[in-house]
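Down below are the structures I want you to see.
Two complexes, one shared chain (chain A), two partners (chain B, chain C).
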Partner chain A sequence: MEYLHVAGLEHSYGSQRVLENVSFSIRAGERLCLLGPSGCGKTTTLQVLAGFVKPDRGQVTIKGEPLDGMPPEKRNIGIMFQNYALFPHMSVFDNVAFGLRMRGLEKKEITTRVGDALTLVRLPHTASKRPAQLSGGEQQRIAFARAIVIRPRLLLLDEPFSNLDARLRLEMRTELLDLLRELDVATVMVTHDQEEAMAIADRIAVMYKGRIEQIDIPNEVYSNPSSLFVARFVGETNVFDGRAMGHDKVMVDGLGEFSVRKNQSIANNSKVKLLVRPEHIELAEKADMNGQWNTVEGTVERLLFLGHRTEWVVRKGEARFLVWQSQPHSLMRKVGDTVTLRWRPSDCFLVASEHVNA
Partner chain B sequence: MHKYALSRRGWLLLLIPPLIVLGLLYLLPVFNLIRISFVEYDPQVGIIPNYQLGNYVELLGDGFYFEVLWRTIRLSLLTTLFCALLGYPIAVYLIRSTGWRQTAMFIILLMPLVTSVTVMSYGWLILLGRNGVINLTLAGLGILDTPRQLMYNETAIVVGLVHVLVVFMVISIAASLQSIDQSWIRAARGLGASPATAFRTITFPLSLPGLRTGALLVFVLSMSAYATPTLLGGTRHKFLSYLVYQQAISLYNWPSGAAMAVVLLISTTVLLFISSLYAQIGAMRANLRTSKTGTISGSMNAGSET
Partner chain C sequence: MILRAYVLLFVIFLISPILAISIGSLTETSFVVFPPQGISLKWYFAALEQRALLQSLAFSLVLGAISATAATVLALPLGLAIVRFSSRINNAVYLLAMTPAMLPAVFLGLAFLIGYSWVGFGGSSWPLIAAHVVMTVPFALSLILVGLRSVDGSLELAARSLGASQFRTFVLITLPLILWSLAAGWGFAFLISFGALEVSLFLSTSTTVTLPVQIYTTLDWSPLDPTLTAISSGVVIITLAVLVITARTVQMDRFLKRGRS
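Right, the complex of A and B next:
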């Protein structure tokens, strides 16, 4: 059953088109993440949902009720802003109570509900403090409490972690996910960080140049990207130009023939790109010629020890392979050595070349 | 980094030139002014270096002087009020407009500052005079049979002062409006506040510091205004600054003029002190209120936390 439905959003700022036929829907309690680089239209989409931007075309409905032309204050949508937007002249209590006061609730109920919300984010002792007296992580939790205390129909999170330092970011990610699961509220989150998106979201919509490139569960977006852009934006990828030979073979310029996962949508002999994730490539001791693996012999050009993994750049001719290895034995090689790389056909895939796709 | 960092002593050395300038050009004259206000004056002899309170006693017994002092304070407060009422919407417009509209508004606002006060007051004379534009227009339309006296009254003084000083109010308020993050307004809207409510609960309270600064500037400047009240108020509606001028320059009675100036200085300072006290009490009461609600919710949460 569809809960939030967004159909055919179009929007331009002046001559610049920022949204092109953006459509998606989410179920009750589902978390959708709009993922993309800056300027891809994800924030504009969020602002359309919040009612701050009136789209040129398209419709937004919640439970079948259209939101067109409804001002933000009537929508009952909770919003957590990128900079949290806590009111600096009010105490934490008054910040969280703001939405409830606007709804004209009784004093007693406001006190109870604000207390509950602050307890939920584990900050009840901060009620009388000013936002400026709180740490970044605390401010984020108060902003969250303020957004959910009104019991919104929909929760919007705008880059929720971008203002936190790296360590706190990981901590708050788990915490926010726990809270969202507990509340079971339909959520649309915007981020440019693919890891955040995969951690929080039930489904991810990858956006590029005002359009949704792919919308699917995180695992599918990662292992089955529908376009070169998605493959490159979600995780690192080695990309090689080639020509399709049937549905499961590719001839890569200067490297030879490789087997790939079957892709029916690729036409025979069409220009394609072969994509291999760096963590799927292994260093083999000897060339494994039994045909189960794709293999390439190359020279180690760069070797970076990063603690939890080692990053290799292996060169063959003009082609360079980025390889991530977690095995300690990979340390035994050095720059200039000849190594054999191998990867499974099921771990690599073809996408049509961009200009054909576009 | 250390190479360029100044030591404490270096900073103090840098402070010396401005301190000397300030001391010579400000503190010394003010001290001298206060000193002169206590010496005796005789029209035949001039200044007699005999320190006493005679000048102040004379002022306190002078009803005319009090009337002028009261007018100066009253009209300055009115000027401040009208500058605030007029300046706030202009500041909002200035912040929201862009491009040539904003530039045009700035030019209109700054015009009185770059034009000499005398020229500007004569401009008002052309508008408000007995044969001025307004009188002629109203007479021509048949609304007035005879020209009205629009000049040389207290209204004219306030109109003139507001014209000159409103820019200080606008710039102060605009600066503080500029620092208001648009996401605060959006957050308020998202939480259920209409545009008017968002203005009342977020924009206005956050712009109060600018309003306060603007009010102080306008009040201080209009308390000491000379040319505008003199030209637009005429002989019957004098400002204190005019009396000081009269005593010191026309009558050569420096001690009496100095005493007046000191009273003007003191009354301005006292009014500023009262206004800042009032602001502090307001802030204290707001803090008390939030900490009270804070403890209520705090104690309620103590139970659910354990």
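Right, the complex of A and C next:
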């Protein structure tokens, strides 16, 4: 059952097209994340939903009711802004109460609901403080309380963690996820951080140059990227140029032939890119000749010990492989040593070279 | 070290004439002399007895208050338009509003005199008020623009998304956040009006004499009258009071801004 439906959004700023046929829909209570680099149109999409930007074309409906031309104050959409946008001249209580007062609710109800919202974000003792007296994490929780106290039909989160330091970011990520699950409110979040997107979202829409490149559950977006751009933006990937041989084999220039996961949409003998994630490549003692694995022999060019993993760069001819080993490897190798790399055919895939945009 | 000495010299250079006037006004002699001979406040009392001087002071204060208020009220919507819609016309309007602050005051006074007599306003106090408003608008406007530009746009969007109409957003969010700039703008407009001589000289009539005009004309008759130094140091005190109050309100904003980051 569709709850929010966005159909064919088109928008330009002057001569620059920022949205090209952006369409998606989400179910009640679902969390969708718009993921992409800056300038991909994700923020504009959010502004269209909020009513701050009127799109050139396209329609937004919630439960079948069109929102076109409806001013932001009539939409009943809660927004948590990137910089939180707490009113600096008001107390925390007045900040959270603002939306309820605009709705003309009774004083008693306002007090109860603000109290409940502050309890929900575990900050009931801050009611009389000014936003300036709160820490970054606390400000974010108040901004969240202010956005959900109005019981919005839709919740918009704009880069919710970008203003927090790394440690707090992880903490707030789980906390926000718990809150969103508890509230069961339809949410559209915007971020450029793929980890945040995968942690929070039920589905991810990867955007690039004003278009949605792929929209799917996080695991699919990561394991089955539809384009080179998605593969590169969501996680690290080794990319090699080659030519398809049937649907499950590829000839890579200078490296040889490899088996890959079957992709029916790849035409035989067409130019393709072979993609292998660095964590799927293993360091092997000897070349495995039984054909279960793809193998390459190369020279260690760089070794970085990063604590939770070791990063290897292995070179063969012109090609370089990025390899991540999560376990301290039994192989004691130094820069300059020869190693054998291997990976499963099911862990690598092809994308067509034609619609490469990255 | 050298920079410090330079700053010190600069401050002395700026402040010494003001100090000289203030200290000189304490003299017991019936002419201005520095350093003063003896210490007394008698010239202050003498100033209080000069009705013409006091009347012009009162008139200048009222004129300053009226024109500063009018300038602030006029500059606020102008500032809003300039900040919200950056069109070519608004750019032109901005430059036009700012010109009185850049034109030589003598020409401005002459222009006002000719213009207002032409319209048939001559002889009343309206030309003076109107001229002072035109003259002070740039100062009110530039401070109000600083205020408006310091308001984070997402605050207004947040208010809208929470159900506030454009008007309520302005009243409840924008206005409180720029109040300091309105006060500061008013203060500066007041000071400009209060100290203006050239424009007022052209437009003063026998019933509308501002304090600077009064001091200037008295100076013509009795250049060494210590009453003038007494009233001048009184004016310095008024000016300092307005400046301190203005600075205080601006400081309030710094506090608010810290809250935003």
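Definition applied: the second predicted complex is superposed on the first by the 351 of 358 C-alpha atoms of A that agree within 3 Å, B and C clash if a C-alpha of one lies under 4 Å from a C-alpha of the other, contacts with A are read in each partner's own complex, and residues count from 1 in each chain.
The rule is simple: a contact is a pair of C-beta atoms (placed from the backbone, for glycine too) under 8 Å apart; a residue touches a chain by one contact, two chains touch by 3 or more.
Keep in mind the model is a prediction, meaning the values are calculated, not measured.
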Next item on the list: Would you mind checking whether chain B and chain C clash or fit side by side on chain A after the superposition?
Entry: clash
Next item on the list: Would you sort A:131 into first (chain B), second (chain C), both or neither based on which partner it touches?
Entry: second
Note to self: Quick check on the superposed pair: does A:334 touch chain B, chain C, both, or neither? Answer first, second, both or neither.
What the structure shows: neither
Next item on the list: For A:112, select first, second, both or neither according to whether it touches chain B, chain C, the two together, or no partner.
Entry: first
Margin query: Taking the superposition on A as described, I'd like to know which of chain B and chain C A:308 touches: first, second, both or neither.
Written below: neither
Next item on the list: Please work out whether A:89 is in contact with chain B alone, chain C alone, both, or neither, and reply first, second, both or neither.
Entry: both
Notebook entry, point to check: Which partner reaches more residues of chain A, chain B or chain C?
Noted result: B
Margin query: When the complexes are fitted on the C-alpha atoms of A, one of 1-9, 73-81 or 289-297 in chain B overlaps chain C. Which is it?
Written below: 73-81
Notebook entry, point to check: Between chain B and chain C, which residues of chain A are contacted by each of them?
Noted result: 50-52, 71-73, 75-79, 81-83, 85, 87-89, 98-99, 102-103, 146, 150
Next item on the list: Would you mind writing out the residues of chain A in touch with chain B in their complex?
Entry: 50-52, 71-73, 75-79, 81-83, 85-94, 98-99, 102-103, 111-112, 114-116, 118-119, 124-125, 127-129, 146, 150
Item checked: chain A-facing residues of chain B, complex -> 181, 183-184, 186-194, 197, 201-202, 205-206, 290-291, 293-298, 300-302, 304-305
Checklist line | Touching residues (chain side chain C, partner chain A) in the complex | finding: 152, 154-155, 157-165, 168, 172-173, 176-177, 255-260
Margin query: Help me check something: in the complex, which residues belonging to chain A touch chain C?
Written below: 50-52, 71-79, 81-83, 85, 87-89, 98-99, 102-103, 130-133, 146, 150
